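In what comes next, subunit A is part of two complexes: it sits with subunit B in the first one and with subunit C in the second one.
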Partner chain A sequence: MAANLSHAATSGFGPIGRRLLVVGIILLALLVTLAPFFVLFGNSLRPADEFLSDKSGLWPSQLTFEYYAAVLSANGTTFRILLNSVIVTAATTVIAVTTGCLVAYGLARLKLPFRLSTIIGLTFLIVRFYPKITIAIPYFVLMRDFGLRDTYAAVVIAHVSMTLPIVVWLMLAFFEDFPKQLEQSAMMDGCGILRRFFSIVLPLTVPAIATAALLTAFFSWNEFLFASAVGPLNAKTLPVEISGFITDKGTVWGPMSAMGTVIVLPVMVLALIAQRYLVRGLTAGAVKG
Partner chain B sequence: MWVSRTVWGFADWLESKIGERGILIAFIVPAVAIVVVAQFYPLLYSFYISLVDWTLSRSTEPGDFVGLANYTKMASDSVLIQAVGRTIWFGLASTAAQIVLGFILAYLTMGETLALRVARTILILPMVIAPVAVGTIWRMMLSARVGPVNQVLRNLGIPTPDWLGDPTLAMVSIVIIDVWEWTPFVFVIFAAALSSLPSEVLKAAEVDGATPWQILRMVILPMLAPVGLLVVMFRLLDALLTLDIVFTTTFGGPGFATHTLSFWIYQQGLRYFNISYAAAISWASLIGCMLLVAGLLVWRARISRWQKEA
Partner chain C sequence: MAGLILSNVWKKFGSVVAVQALDLEIRDREFVSFLGPSGCGKTTTLNMIAGLETPSEGQILMDGLDVTKVPPRLRNFAMVFQGYALYPHMTVADNIGFALKVRNLDKAEIAKRVADAAERLELKEVLGRYPRQLSGGQRQRVALGRAFVRDPHVFLLDEPLSNLDAVLRVQTRVELKRLFADLDTTAVYVTHDQAEAMTMSDRIAVFRHGVLQQFASPLDIYRNPANRFVATFVGSPPMSVVEATLGDDNQLRAFGTSIALPEAVLGKLKVGKSYDLGLRAEDLVLAPDGQLKMRVDLVEHLGAQTIVHLSSSQGRLIAQSSPTEPAKAGDMVGIRLDPAGLYLFDRQSGAAIVTPGLIRQN
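So, the complex of A and B:
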């Protein structure tokens, strides 16, 4: 079926020409997708003097690991920033997934008057639809007033509040589809709602939780606007640090590429490994709804 | 295990105290509290800020109430007016390119062979990495003298432009980068939508002797229209508010050539600390975005109703 259909775009050529054209387009797309990553990795290993020449090839002729040594050395400031990123991402993921699962289950099971459950669910969705920059400045003032400016908490709370909508909508769909009989038979056996939720429902929703955790972790690891607004020094994360390469330090490609690789590579590897969960998360809602 | 006995014992005790409803309500409270405190309260607070006179570098407390003065100021801000035009142009151009490319790639990579599955996985990568990293990578790619893009062009004997340094070309470069980063989003949604099309309908069309072109035009594209509109909505919204790429490639330059709406709000608010004015611009753009969402959703509802009738 699919093979037949994909001929449609190229009908007009002979069968072999058609196939070659399709394969050619896909290969070109793969090249355009991967080449920038290749350049990033190459530049992160390129000795400093090679950057100045426009004759140097796309891949360095000699490899150096000095930039990575600087990024990853435990005494350096960059290592502290890397650690910040790990802490913020881990905390965001744990808090967003935990509170998100609870609220989704609550909304799916609780019978509130005036369809209040649906209304609360929809208000979560609103967060996805307004410009985040509207919030950034007042959030900055709010955190200053709370005395939380430049703390992990300020960055983590911002990230949790922005990822909760994704988690809630993923989990809500799962809990609503969850077979009621399973919970009912446990109820007959005298299981309270807490026992049912933690020992029956939750273990069966692990795939959905993995999807939610993956999306949350990626978001937090990559987020720039709020991290730069409320965590400028002590709670600085990698995306904020790398954005500084353009403004105050001039262009320092080697260290910049090494840091870029440290930001990009873990996400790439995880995305490739957990591809199925990722796609499910990215397409949830859009296709069904 | 005494630990688990204690935990479950506590759970049962709690439930006997506050009941099933009480527990479910307790489940809802933390997440709602976080979103209210960190999103909705700042949202309303920013509206309040937009109505007072407050420059953070001069005063740590909000100043006098000035009504809509911050909003009327926008009309005489020529940087802003140009930024709005530029942002709309950018949003439409990059969204259109992404829809076309994303659909073509989804359509051509349909199928379950291993090679196609691997290709689909790789094609997603640009959208999952950090936008600031995308900007960083492309600043190197497009560097005028030593960038790989110009190296390749030079070897092919094609003129090598200063992609990010030329005032007219810089915004085009931002479009190219945005297309590289977000075509995967359109692609992944369309790929999922294509694989969930009812195969009976496609088979029936084929049995009736429809050519692949006809099936594409008359069966597949109409069935994908509602999803397509949703994708357009997401992409337009995000494109209109793009900040990270501008921030890490051109930083608004050269001159004001790549000042987009979000970049100007960021500059006003977090660089010059004119937070009242920044809040006014962001509320105006929020209202614009809401109107856009509403318009597209109404349009989508009309299309699906029309499809049901047909």
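So, the complex of A and C:
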């Protein structure tokens, strides 16, 4: 590839050709990423009869908003499910980020014997490695036995257990890189460990915490498997609701697409707003500033 | 204000001994410097006084009170860090006032004390700025302000000038000296710069490999060093050290010449034994009738003085001459030795046997 590019640079293409090549690659990447969303959005506006025709294109020939009207006015069901999703996501994010930050700070600062900090840290990472379906059933059994089945608590507990490791891992890297002298300075200024954490460390790790919070929120908002296992009805979230459009009488494409768009939009908007933080947070610690 | 006593203090990091068997008494209102090359244990000792490190063994007493295990926040010591360690998310005013806020002083009192400190350190115009918007010198003054505002028992300063450029460093050194003269308080100042230690301190503690070498006044350190390390570490240009032997005629043989020694010091020396002879540049005078003939290798013009690097088949010396005496590389010159400026060290232990301070006492 590099050889081809340098060949292109020295002969034939010239600088304009090279720029076109780069733009082409970027467009291709965008196409691959965005095509599904395009189809999803198109389908959410496509009249019902067009779904069955083999002549219909990627974009519908006529637009209809009936699915949105139907989905958004279904006796408040959609709003209730939307509210479920918001509650579960918010609770998961707050609990996972708060606990994760405290755990990570403790691991980074306490001098535990036998490299316990590393071992505990690694354990947190390893729980991310196996297929989630393997513990979906145990979770179902546990929640049933605790009498928590189909409650917000069940879904939130499952989501926190999935996201806590990411938060701990991300924040651990941050706290370990945190300038030691700043904390020593705070100690000399009279701060105990809590004051030090809340007055000095926390305000300076906001980008990392924002990143951790966003990753957690995205995970919880999108998660399907555990939500469907432990919260199938009362605590039903949007992804679980979507799966309900696949029925034994066939797939209800239109409403499903409308609902899909409703789920994706907030995530996209949030990601756009937060992209500056996200990039900074994920790459922090990689290069010493 | 308080006096400090370090009694048999050790600090080990795993198998590495950073500080060993340190005994040190810092008097109330004394300005003490810890001087030594990097890794000599001076910062570790400072951190133990601050409470940021706990000694592996031994005791630290403040005004007779054992504070060895007292956490830093309860000691009321103020510290100026090498990198300043200003809080980046706070304004200058908040940085200076933070310690007072932690102590729950009321807002009016904090504002008053911050304004006083800002006035004294010429920071009034920048109180609303953030550390990243300040120059190096201003940051350094904010770090000082943070310490001054608290009225601490002891000031601890960890190489506070090392991040400044040369001109600013000398200027700030003078300002610091003036400030601390006004404050009249106990201060411990860590530095590897002998000029800072010499100019600012009441007493200097010289460290090497975690061991205290000498604790004495600047002039004593210079004219009466405890050993070869202290003698060669302090002084610029550095002391020249050559081998010398005491002959039967009680004269010292070095550089193929004989040097008469003062009567009083002969009792400390053995005939036929070799010593390390130390000579400071200012005690070596270029003179046509000088007993030593050497060749000029290199001349360094510093303006007020000229440093002349000399060599002969017997060894090398660094001498000082006045800028008006022309000396060029390649010239043969005569050197006069001042016998009252001689240092003699034991060749094995390095311990000082004869020093100018000693010669003068006799």
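In the analysis below, the second predicted complex is superposed on the first by the 236 of 289 C-alpha atoms of A that agree within 3 Å, B and C clash if a C-alpha of one lies under 4 Å from a C-alpha of the other, contacts with A are read in each partner's own complex, and residues count from 1 in each chain.
Just so it is clear, contacts are C-beta pairs under 8 Å (C-beta built on N, C-alpha and C of every residue); 3 or more make two chains touch, one makes a residue touch a chain.
Fair warning: this is a prediction, and the values are worked out from it, not measured in the lab.
*Asks:* In the superposed arrangement, does A:Y152 touch subunit B (first), subunit C (second), both or neither?
*Replies:* So A:Y152 meets neither subunit B nor subunit C here.
*Asks:* For the three-chain arrangement built by superposition, which of subunit B and subunit C touches the greater number of subunit A residues?
*Replies:* Ranking subunit B and subunit C by residues of subunit A touched puts B first.
*Asks:* Based on the superposed arrangement, let me know which partner A:I242 touches: subunit B (first), subunit C (second), both, or neither?
*Replies:* first
*Asks:* So, A:R195: does it touch subunit B (first), subunit C (second), both, or neither?
*Replies:* both
*Asks:* Tell me which partner A:S185 touches in the superposition: subunit B (first), subunit C (second), both or neither.
*Replies:* Touch status of A:S185: second partner only.
*Asks:* Is A:A35 touching the first partner subunit B, the second partner subunit C, both, or neither of them?
*Replies:* In the superposed model, A:A35 contacts subunit B only, not subunit C.
*Asks:* So, does A:Y68 touch the first partner subunit B, the second partner subunit C, both, or neither?
*Replies:* Neither: A:Y68 stays clear of subunit B and subunit C.
*Asks:* With both complexes overlaid on chain A, does A:L204 touch subunit B (first), subunit C (second), both or neither?
*Replies:* Second partner only.
*Asks:* Could you tell me which stretches of subunit A are touched by subunit B in one complex and by subunit C in the other?
*Replies:* In the superposed arrangement, which is not itself an observed complex, subunit A uses residues 192, 195 for both subunit B and subunit C.
*Asks:* In their shared complex, at which residues does subunit C touch subunit A?
*Replies:* 50-52, 71-73, 76-79, 81-83, 85, 87-89, 98-99, 102-103, 146, 156
*Asks:* Inside the complex, what are the residues of subunit B that reach subunit A?
*Replies:* Within the complex, subunit B contacts subunit A at residues 8, 11-12, 14-15, 20-21, 23-25, 27-28, 30-32, 34-35, 37-43, 45-46, 49, 56, 104-105, 107-112, 119, 121-133, 135-141, 145-146, 148, 151, 154, 180, 184-185, 188-189, 192-193, 196, 199, 202-203, 206, 211-213, 215-216, 220, 227, 230-231, 234, 237, 240-241, 243-244, 247-249, 251, 262, 265-266, 269-270, 275, 278-279, 282-283, 285-286, 289-290, 293.
*Asks:* Which residues of subunit A touch subunit B in the complex?
*Replies:* For subunit A paired with subunit B, touching residues are 1-9, 11, 22, 25-26, 29-30, 32-37, 39-40, 43, 51-54, 56, 58, 99-100, 102-103, 105-107, 109-110, 120, 123-124, 127, 129-142, 157-158, 160-162, 164-165, 168, 192-195, 198, 218, 221-222, 224-225, 228-229, 238-239, 242-243, 245-247, 251, 253, 256-257, 260, 263-264, 267-268, 271-272, 275, 278-279, 282-283, 286-287, 289.
*Asks:* In the complex of these two chains, what residues of subunit A are touching subunit C?
*Replies:* For this pair, the touching residues of subunit A are 179, 181-182, 184-192, 195, 199-200, 203-204.
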